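The next part holds the structures, each set out as structure tokens.
What follows is subunit A paired twice: with subunit B in the first complex and subunit C in the second.
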Partner chain A sequence: MTRRERNWLLVAPAGAWFLVMLVLPLSFVFVFSFGERGPAGGYVPAFTLEQYANLPARWTAFKNTMVLAPLGTLAALLIAYPLAYQLAVRTDPRWKTLLLVLVIVPFWTSILIRSYAWIFILGGQGIPALLAALGIEDVRLIYTPFAVTVGIVYGYLPLMVFPIYVALDRLDKRLLEASSDLGARPFATFWQVTLPLSVPGVATGCMLVFILLMGEFLIPALLGGGKVFFVGNALVDLFLQSRNWAFGSAVAFTLILIMLVTVAIYMRLIARLQVRRDDVAIM
Partner chain B sequence: MSKTFGDVEAARDLDLRISPGEFLSFLGPSGCGKTTALRMLAGFEAPTRGDVLIDGQVVNQLEPHRRPVNMVFQSYALFPHLSVADNIGYGLRQRRPRLARSVIADKVERALETVRLSGFGKRRVWEMSGGQQQRVALARAIVNEPKLLLLDEPLAALDRKLRKEMQIELQDLQRQLGITFVLVTHDQEEALSLSDRICVMRAGRIVQVGSPQELYDCPASRYVADFVGNSNFFEGRIEEVDGALARLVTGGGQTLAGRASPGLAAGRDGCLSIRPEQIRIGSEPGPGCIEVTVQNRIFLGEHTEYLVRHGGLGNIIVLAPRQAEIGARGFEAGARAFLNWSDEAALILNPD
Partner chain C sequence: MRFYALSVYLFLYTPIAIIALFSFNAGRHASQFQGFSTQWYGRALKNPFVMDALETSLLVALVSATLASVLGTLAAVGLQGIRGPARAVFDGIIYVAVMIPGIVIGIATLIALVTVFDVLNPWLATLWPAAGQPPSLSMGIGSLIAAHTMFTMALVIIIVRARLGSLEQALTEASADLYATPFGTFRQVTLPLIAPAILAGFLLSFTFSFDDFIIAFFVAGSETTLPIYVFSSIRRGVTPEINAIGTMVMVASLLLLIVAQLVLRRGQRR
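What follows is the complex of A and B.
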């Protein structure tokens, strides 16, 4: 067997999986999106752009997704960065592992149960009741975009913390000494050395969180209470409730397109910030 | 000044005055406290006891970014996300009030010229070779015109030939700029060839400070004699100290004479040090010669190193220049030979 053949053999399992589980279903979705809904639901072959013309009917879902996914990503970043910085740069190496495990611990419980917990915290008996006791009446938190954002940030924080932690941990600490030695104040050092060199971690974290958020449906369903819903919720509704496969496929395909375009633009921006090509490759 | 890390005393009672424009080296094996001393000068460590003064000012509490000191790091610590020019201009960009861009660009350009890297400003640092990175690190420090330039084993990562070249460049640079250089190294050859003065350290303490020649010719202890250059040591009892000369009787009963180092007392243990290159080797016996058997010969190009054995003194290393009279091939292993040296070339020391 030549080296080349062996290489093919090595990628064959992943390749086959990719083909059968991703490319093939996506092709179905693409084809279905030009079809029509059958009389009893499902799909009837056709070639029509009618489904795409109907997209504005689901505008709210798209709007919510496109506002709350980036917002949630940004909020997660703003909370995760200081945490990752503290863990990677400031923490005594002896404690690092323990603290990192604490960041993952929530993953040991199902996101469903954890989101339910938030229903109680944000619900009438939770924080609003606490605020009412302090004299601040009629605060409504649950089933608002705020509740969904809180849930999103909570659920996805570890995914943001880890890549940033890795980037900061890999950072050669002598560079920070060199910066200080050259006259940079601590904040200037952070701004000119630490932050630029952690861009790969930030990029990876944002990418992970953002892509997963675009398809999110559980958190909006629970914490949005049917009032704040994502495209994911619309898809659940279209495929499982109203059985309109053709329209569902058009919605799904549009979501994928939006995601690809956003990610492509984002990669461009990051690549411009990036110095070393091989750092981008860890994504 | 002193520095302790937990229970470990990294540097103890360092008392040293460095003159402006001087090239001083801290020399010692790893863990001797030389890097700690350097880091205290830079401000990365604060002395546990004592003071660091720069230009008569106590700078103990001054953070590194406020000190008029720059450092060339061991592995250079160049910023990988910045170009060569931006690395060099980094220190200038931190100045407040701000320097004009054109001023920074000019200074960077001149620094590049100084380290012979003109035209490399736009390169990325990782595209540069080790020697070039070394020069960028140097330029990044000197462009700030510090009062004190600290160099932490700056040449350790370079190959031998490049290291020689850089040594010469460092020396030229120091003369040209007139900045005080403080070098940390474990390489005695580097310290000898570069420094005006060498500060030999051991286990956190300064053992001797002096010019390279002083250290080489008049080491204060066996440790210094051993660390600075190579030497043969013969241990014994000091029989007589007579002014500048002393006499020592070895365990094997051999009486040897040499210059007396300060503080010798007759009747105490002592040790005679003789440099391998001070020993003459010949095939004919003569007055004052000792007879030895050649054990091994190492050809070193312009020199030949012999390991010889003497009945009473044990193994002796001799470094002989290539001379016609010894014969083109020198002495073979197993050959008989005769050694002698002048009493002035030998030094009798207190043992450590």
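What follows is the complex of A and C.
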């Protein structure tokens, strides 16, 4: 057996698995999205763009996803950045690892159970009851966009902190000293040195969270209570309740398309941002 | 700044603490603490639905994480020696596997397998000898394991490949110069060096599979995994039993994480 054959033999089982369990299923979604719904649900072969023409019927789900996914990502970033900064730059090295692990531990426990905790906290007996005791009546938190955003930030905060921490931790601390030696105030140092150098970490964190949010189902299902729903919730409804496979496939395929386009634009923007920074550095 | 960090930690841990606290609630009410009791733990552990779901989840997680670790490691090793367009296609597939939302993997697997099974089942029935019930393919543990293995295998390949990339080529070359067979080099040089990465991949795969709700929701057929059980219970109304299950799951995954860390540390010291 040559080395070449051996390599292929090693890769073959994984390749076959991907072919049957990923490539084949995704091609089904693509093909089905041009089909029609059968009388009892399911799929009837056809070639029509009807399903795509029907997409506006699920406009609210797309709108909610496209508004709350970026908003949730931004909120997570704003909360995560100062924490990552504190951990990477201002913390005694002896405590760094422990404190970072403490941020990541919640991420290792089920997102289902962590989101469920917020039903408790935001529900009628939770914060609204506390506010009522303080004389602020009739505050409704659960099943609102706010509840979903809180759930998103809570669920994905660790994923945002980690890459930013890594970027800030790698940063050469002598640069910060040099900046202050040259008379920069702390804020100027942060704005002109620290922040630009942490862009790769911020970019990675935002992308990870955003991609996961685009397909989110659990958080809106639990904290949106049918009032605030994402494309993921529409997909569950289409495939498991109304069994409209053709339309569901069109929705799924559109979701992937939106994701790819957004990520492509986003990566281009980040790349441009970094190029511009290099120009400044040369000057 | 310190105060800020402290409040973020509070934000992260208060909900978890509340779940743990209310799991010891004596009363039926999920939102009023009425004294300390461990009765909900007893009830959860005696509930046959919970135990069945737990068993299914553990089986699926163990089998899929093992398959993913073995096949993923083999693929990562094989991929090292593959260049050109074939390599680009394979990398693209791995990229797609981790990028595509879990929900899309779930529905894609559902419609593909159901359609294929509908075609295959009559065939199986005609090919089957007259006596006895012909086998019938359907969604269940098999499809669940297959789907979880697909996704987690991509994770294992990424992790192991990163580790392989950081290894010194000189080591394997030295081993070959000393007349070790390729398999001997792999077993005695490469494998011990990438073992921590394989273990990390296995743990990540196990945790992913055990916690996964969305893929399982579509491909589990009539099987119930623990996350599916918890989700449908929450839908029916909140009981302290869910808090007890949640607390046990959190403690178990924490212990797993600590044990893994200890094993990895010991491995490094050696």
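Please note the rule applied: the second predicted complex is superposed on the first by the 250 of 283 C-alpha atoms of A that agree within 3 Å, B and C clash if a C-alpha of one lies under 4 Å from a C-alpha of the other, contacts with A are read in each partner's own complex, and residues count from 1 in each chain.
Definition applied: a residue touches a chain if its C-beta (ideal position, glycine included) is under 8 Å from a C-beta of that chain, and two chains touch if they have at least 3 such contacts.
Just so it is clear, the model here is predicted, and its values are computed rather than measured.
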- Query: Now for A:Ala188: first (subunit B), second (subunit C), both, or neither, which partner does it touch?
  - Reply: first
- Chain touching more of subunit A, residue-wise (subunit B, subunit C): C
- Query: Just subunit B (first), just subunit C (second), both, or neither: which does A:Pro25 touch?
  - Reply: second
- Message: Looking at A:Leu197 after the superposition, I want to know if it touches subunit B, subunit C, both of them or none. Which is it: first, second, both, neither?
- Response: first
- Which partner does A:Ala132 contact after superposing on A: first (subunit B), second (subunit C), both, neither? neither
- Message: For A:Leu78, using the defined touch cut-off, is the partner it touches subunit B, subunit C, both, or neither? Pick first, second, both or neither.
- Response: neither
- Query: Which holds for A:Ser180: it touches subunit B only (first), subunit C only (second), both, or neither?
  - Reply: first
- Query: Touch check for A:Ala271: first (subunit B), second (subunit C), both, or neither?
  - Reply: neither
- Residues of subunit A at both interfaces, subunit B in one complex, subunit C in the other: none
- Give every residue of subunit A touching subunit C within the complex, in rising order. 3-4, 6-11, 13-15, 17-18, 20-26, 28-29, 32, 43, 79, 82-83, 86-87, 90, 99, 102-103, 105-106, 108-114, 116-121, 123, 125-126, 154, 157-158, 211-212, 214-215, 217-218, 222, 232, 235-236, 239-240, 245, 248-249, 252, 255-256, 259
- Query: Which residues, counting only subunit C, touch subunit A once they are in their complex?
  - Reply: 1-2, 4-5, 8-9, 11-16, 18-19, 22, 30-32, 71-72, 74-75, 77-82, 90, 93-94, 96-97, 99-105, 107-113, 115, 146-147, 149-150, 153-154, 157, 182, 207, 211, 213-214, 217-218, 227, 230-231, 234, 238, 242, 246, 249-250, 253-254, 257
- Task: Would you mind writing out the residues of subunit A in touch with subunit B in their complex?
- Result: 172, 174-175, 177-185, 188, 192-193, 196-197, 275-276
- Spell out the part of subunit B that touches subunit A in their complex, as residue ranges. 42-44, 63-66, 69-71, 73, 75, 77-82, 90-91, 94-95, 124, 126, 140-141, 144
